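Below are structures written as C-alpha cells.
Both complexes shown next keep chain A, but they swap its partner, so chain B is in the first and chain C is in the second.
Entry: the complex of A and B
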C-alpha cells in the first residue's frame, strides 16, 4: 500500500528508464531518487572526497562510536575498551550502514520461537545510544496491529541485519508514524532487498505522511516536523497560539548548546584515528562478499 | 537631639529582630556529620610561593623525577623471595583489599543471550605502604570499640595513585617517607590476618581477585554533588560518608589495564569516584577454595582477559539456540 502511494507516474517513468539501462537484472523495486542523484553526482563527487578528513565521514555511518558528550560520564579508558569490544563484535557479524527511515530485516536467535529463530521486517524509526548501548527501533504493521521491536545493535543473539531499502527521511525520529495512517508503516514481510548502484549517495525519501485525527501520543505540532503533511487540519486555535508561545527560535544561535551536545573535532580525530583502519578493512571485506553474492536470494523463512 | 536618639534606639532594636531565623519544618532531619577517616592526617597543603630560583626548581623537579623512576621500576618484593610454605590460606583468613576507581558502565551479554549491566572499576597504581601488626595497632577511640578486630587483626595501609610530594603536607608525606615510598592520593586501611601481611612496596593488581566468582565486596565513597540543603562547606562532610555493597559479582577482568567488570550499576558514586574492594564476608558467597594468597604473584604469561563462565566474550561467534 505504501509503495503504491509513493509511486507517482513520473517515478514510474524514471524507474522504467532505469530498468531498461540495467537490463532488468534486478526484480526488486527501485530507489526513487536514482535518476536525481545521477544528475547531482558531478556537483558532489562522492561523500568521501568532499571532506578534509575521510575518517570524519564515519560519524554519519557509525554514530555509536562517538561517546556521550556529557563530561560527567566521559572516561578515556572506558571508551577505549568499549570501542575494542564493538570492533570485536563487528568482526563476527556484518552490521551494515543504515539510517532512520531505512527498512531493515533483523534475524535474532530466540529460545521461545519456533525454529529458535525470529525475523522481523520494519522501518527504523529511531536510532540512539552510544557505545555498546546503541539500539534502534523497527516498526511495522502486521495483521492491522502496529508492532515495534527494539534491538540492541551489539547484542550477540542478533544473527543477521539486512538492509532492504537504504534511504533517509526528512526527520531524525519517525515516532509520528505511530499516529499516522497504518499504510505508512506497513511493509511486506517477504520484501526483497533493493540494491543501490555503488557510489551513489544515500537517497532521501521526501514522503509526507498523513496523521490520524486526535488524540495523539505527542504534541506533534510543536516539534516542527517536515515529514507530516496534514498537521494543520487537526489543530484548534489554542494549539496554534500555544505552539507560538513554546517556540525557541534563539536556540539555533546558541553555540554553547551545540558544543555541549557534540564531540569536538579534535576528540573525533583521535577516536576515528584509532578505529579507522579496522572499520575500513571491514568495509572492504563487506564489498567483496557483496559482489560475490548471488542475485537470487533464497526465500526467507517467516518466524 | 531627641529625634537622633530615637533613631539610634530604632536601629538597636532592629538588630534584635528575630524574623530572619528560620524554623526547620522537618524536625527529624539531622544534618550530616563530618566523619574523617580514623587514620586522618591533613593531606592538602596551603600552597605558598617559595621564592625558588629557576635552578632550584629544576633541581627539585629532577629529584622528584628520579624518585618516580625508582618507584615505577620497583619490583614486587614477593617475586624475588621464595614463598614461605607456612603462609597457608584458610577460610578464616582475611586478605588485603584494593582501591579502585569507577570509570563507567556498559552492558555485557551472557551465553544464553541475557543482558547484564556492568560497572567498570579500574585499579590504579596500588601499592602496599605499611603493615601494622595487631600488637602495635592502636586505632582512634570510637564510640563502639571493635574488640575482635583489635585482638587478632593487623592493619595494612594501601595507597593508590602516586602524586607530587610537594603538594601535600609534611605529616601526610611523612607516612610514606618513613617507609621509602612516594605519597599517594588515596590511602586506605585494610584489616588483615597477620599471616596475610605483605611487605612494603608490593604492587596490587586486579588479578588479586583472579578467581572469578562471587568473591568480592565493594565499599564505596558516596558523593553528593549538590543537595538543596547542603551548602558549599558541607560537601566535604559527604565525601567521607560510606555505603557498603555486599557480594558484588565480578564478571570479567582485564589484566592489561587492571579493570574489573562487576555486576550491576549500584556501585555508589559518580564516574571517577573511588571505592574500596575486598573479599566478601557473606557466608554463602565466601571463598571455598584458596584465592591468590597473599596476593597474585606478578607473572608475564597472563591472559589478557578473564571471563566468568556465564559471560559471552565479544570475539566469540553469534549465539544461537539448539532446537530440541
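Entry: the complex of A and C
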C-alpha cells in the first residue's frame, strides 16, 4: 500500500517535471525557476497556480505571443505591431485555449465550396510559429482516408474555432499518428463539444497509440516518444544499436542551448505586461458568454 | 572500436557523408497512385496489389499537383486520370492526404467509375472549372460523382444540401435518384443534438435536424 502511494507520488512528480520541460520556448531561461514550478505543480494542480507573476502563466495558453528566440529574427517593433494585430483579431473572433492533442472544429469561409463555408474536425497534431504566422495542423480519418489540414490561427477567413475536447497528450508533437493505426486519429464529424467544469486543469490523455509495421515516415524510435506503446516490436537489433549511438543525454545539461531556445523571464514579463490586461478582459467576456450558452442549451432540447 | 568511440563523440555528424533533405513526396514519373473510384479496372488493379504507375504528367514541370491530368499504366493499359489528393505538403487550408489519389477518366473527361469513395478537396472544384473549356474535355463531371462524407470536401456540402435541407420525402428521392451510388445516408440523430451548438452561419449543420 505504502509502496503504491510512493509509486503514484513519484509518477506525479515525473509527470510534473516533464510538463515543466515540455516546451522549453515558454520557460524562463533560469533553471531554478523550472524546478520550482515542477515542485509546485503536484501540490496545487491548478491551471493558473504557482509563479509570482500570474501573467507568466499565459505562456502556455497563448504561446504565439512569444517571439522566436533566434536573435536574427527578433525585431521589437515588428513584434509589438504583431501583438497589437493579434489582439485586434482576438477581439473579432474567439480563439479558444487549446493544446496539441485537443480536438477542434474549424469553420472557414471557402470560396471553392458550394456553401462558401467549410468545417473540418480533427485532432491538433502540431502547433508552431509565432506572432501572426502561428499555425496548427488538424488530422482526421474520414472514410478510411487520413486527411490533414493546416490552418493559420489568425487567418481572417476563419469564422469559428471550436474546441470539442480540451486535453493534452503525452508528446508535444503527434506526427506519429500518421504511422499509427487509423482508429487513433478517427473522430466523428458531428462530435458534440465536451464541457469541462470551470477551474479544472486541462486533462492529460495518457493514451498510447500502436504503430503500424514499418516502413515509417520518420525514425520514431530515436525520438523518445511517450505516446507510443509498441515501438520495440518493430525494431531490429541494428536500430537499437543506432538509437543508442545517436542518443544525446548531455543536452539537458546544456544551459547555453536552453538559453538560446527560450525567451528569458525578463523579456517575457515585458511582453505579458503589455498584453495582459486585454487578454484578461477577453477571457472574462468569454467566460460570461460561455456561461450564458451553457444555461441556454437545454431549451432547444426540450423544444 | 575506434569508430565506435568516434561515433559516440560526434553523434550529430551523419554516419554517411550524404546530404539528406526532407521527403518531398512528389507525384512524378513512375510513382504509384491509389485509384479511389469504383471503376472496374481500378478496383481490380488495387485488389491485385498492382496500383497504377504514372507514365506522364500533363504539365510543364512534370510534377503532379491537385487537379492535374496524368497518364497512368494500369493493368497493361494506358488510362488518363485526375489527381484528387496528394501526400505532399499542401498550402494552408488545402487538405493533405495520406495517399496519392487518382480518379480515372476517359478522353472526354467522363469518369470511368460512378462513385468516389474518399473525400475530395474543395479547391478541386475551382481548378477543374478553370481547366474545362467549352470545346475541350469537361472535367467537372468528376465533381458530380464524389459522394464521400467529410466536411472540408466537395461532396459533403452537396450531399447535405440534397439530403438534409428537406428532411421529408423529396430529398432522399432526389439524392438517391441523381446519385445511385450514395452509400451512407446522413444520420439525422447525431446532427440534431449538435444543432444548437453550432453558429447560425453553418446552415448545413443546422439543417441536419
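In the analysis below, the second predicted complex is superposed on the first by the 248 of 303 C-alpha atoms of A that agree within 3 Å, B and C clash if a C-alpha of one lies under 4 Å from a C-alpha of the other, contacts with A are read in each partner's own complex, and residues count from 1 in each chain.
The rule we apply is simple: a residue touches a chain if its C-beta (ideal position, glycine included) is under 8 Å from a C-beta of that chain, and two chains touch if they have at least 3 such contacts.
Quantities reported herein were computed from a predicted structural model and do not represent experimental measurements.
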### Query
Given the touch rule stated above, what does A:132 touch, chain B (first), chain C (second), both, or neither?
first
### Query
Of the partners chain B and chain C, which touch A:233 in the superposed model: first, second, both, neither?
neither
### Task
Check the residue A:111 against both partner chains and state whether it touches chain B (first), chain C (second), both, or neither.
both
### Query
Which chain, chain B or chain C, is in touch with more residues of chain A?
C
### Message
Taking the superposition on A as described, I'd like to know which of chain B and chain C A:148 touches: first, second, both or neither.
### Response
second
### Query
If you stack the two complexes on chain A, which partner ends up touching A:245: first (chain B), second (chain C), both, or neither?
second
### Which of chain B and chain C A:188 touches, first, second, both or neither
second
### Message
Per the contact definition in the header, classify A:224: touching chain B only (first), chain C only (second), both, or neither.
### Response
neither
### Message
Quick check for you: in the superposed arrangement, does A:91 touch first (chain B), second (chain C), both or neither?
### Response
first
### Query
Now for A:77: first (chain B), second (chain C), both, or neither, which partner does it touch?
first
### Task
Residue by residue on chain A, keep only those touching chain B in one complex and chain C in the other, then list them.
110-111, 115, 117, 152, 155, 157, 159
### Residue ranges of chain C in contact with chain A within the complex
4, 7-8, 11-12, 23, 36, 85, 90, 92-99, 101, 117-119, 122-126, 148-154, 157-158, 160-161, 187, 190-191, 193-199, 201-205, 208
### chain B-touching residues of chain A, taken from the complex the two chains share
72-75, 77-78, 81-82, 85-86, 88-89, 91-93, 109-111, 115-117, 131-133, 152, 154-159
### Query
Which positions of chain B touch chain A when the two form their complex?
103-104, 106-107, 109, 112-113, 115, 120, 122, 254, 257, 259, 270-272, 312-323
### Message
So in the complex, the part of chain A that touches chain C is made up of which residues?
### Response
107-108, 110-115, 117-121, 135, 142-152, 155, 157, 159-160, 162, 178, 188-193, 217, 245-248, 297, 299-301
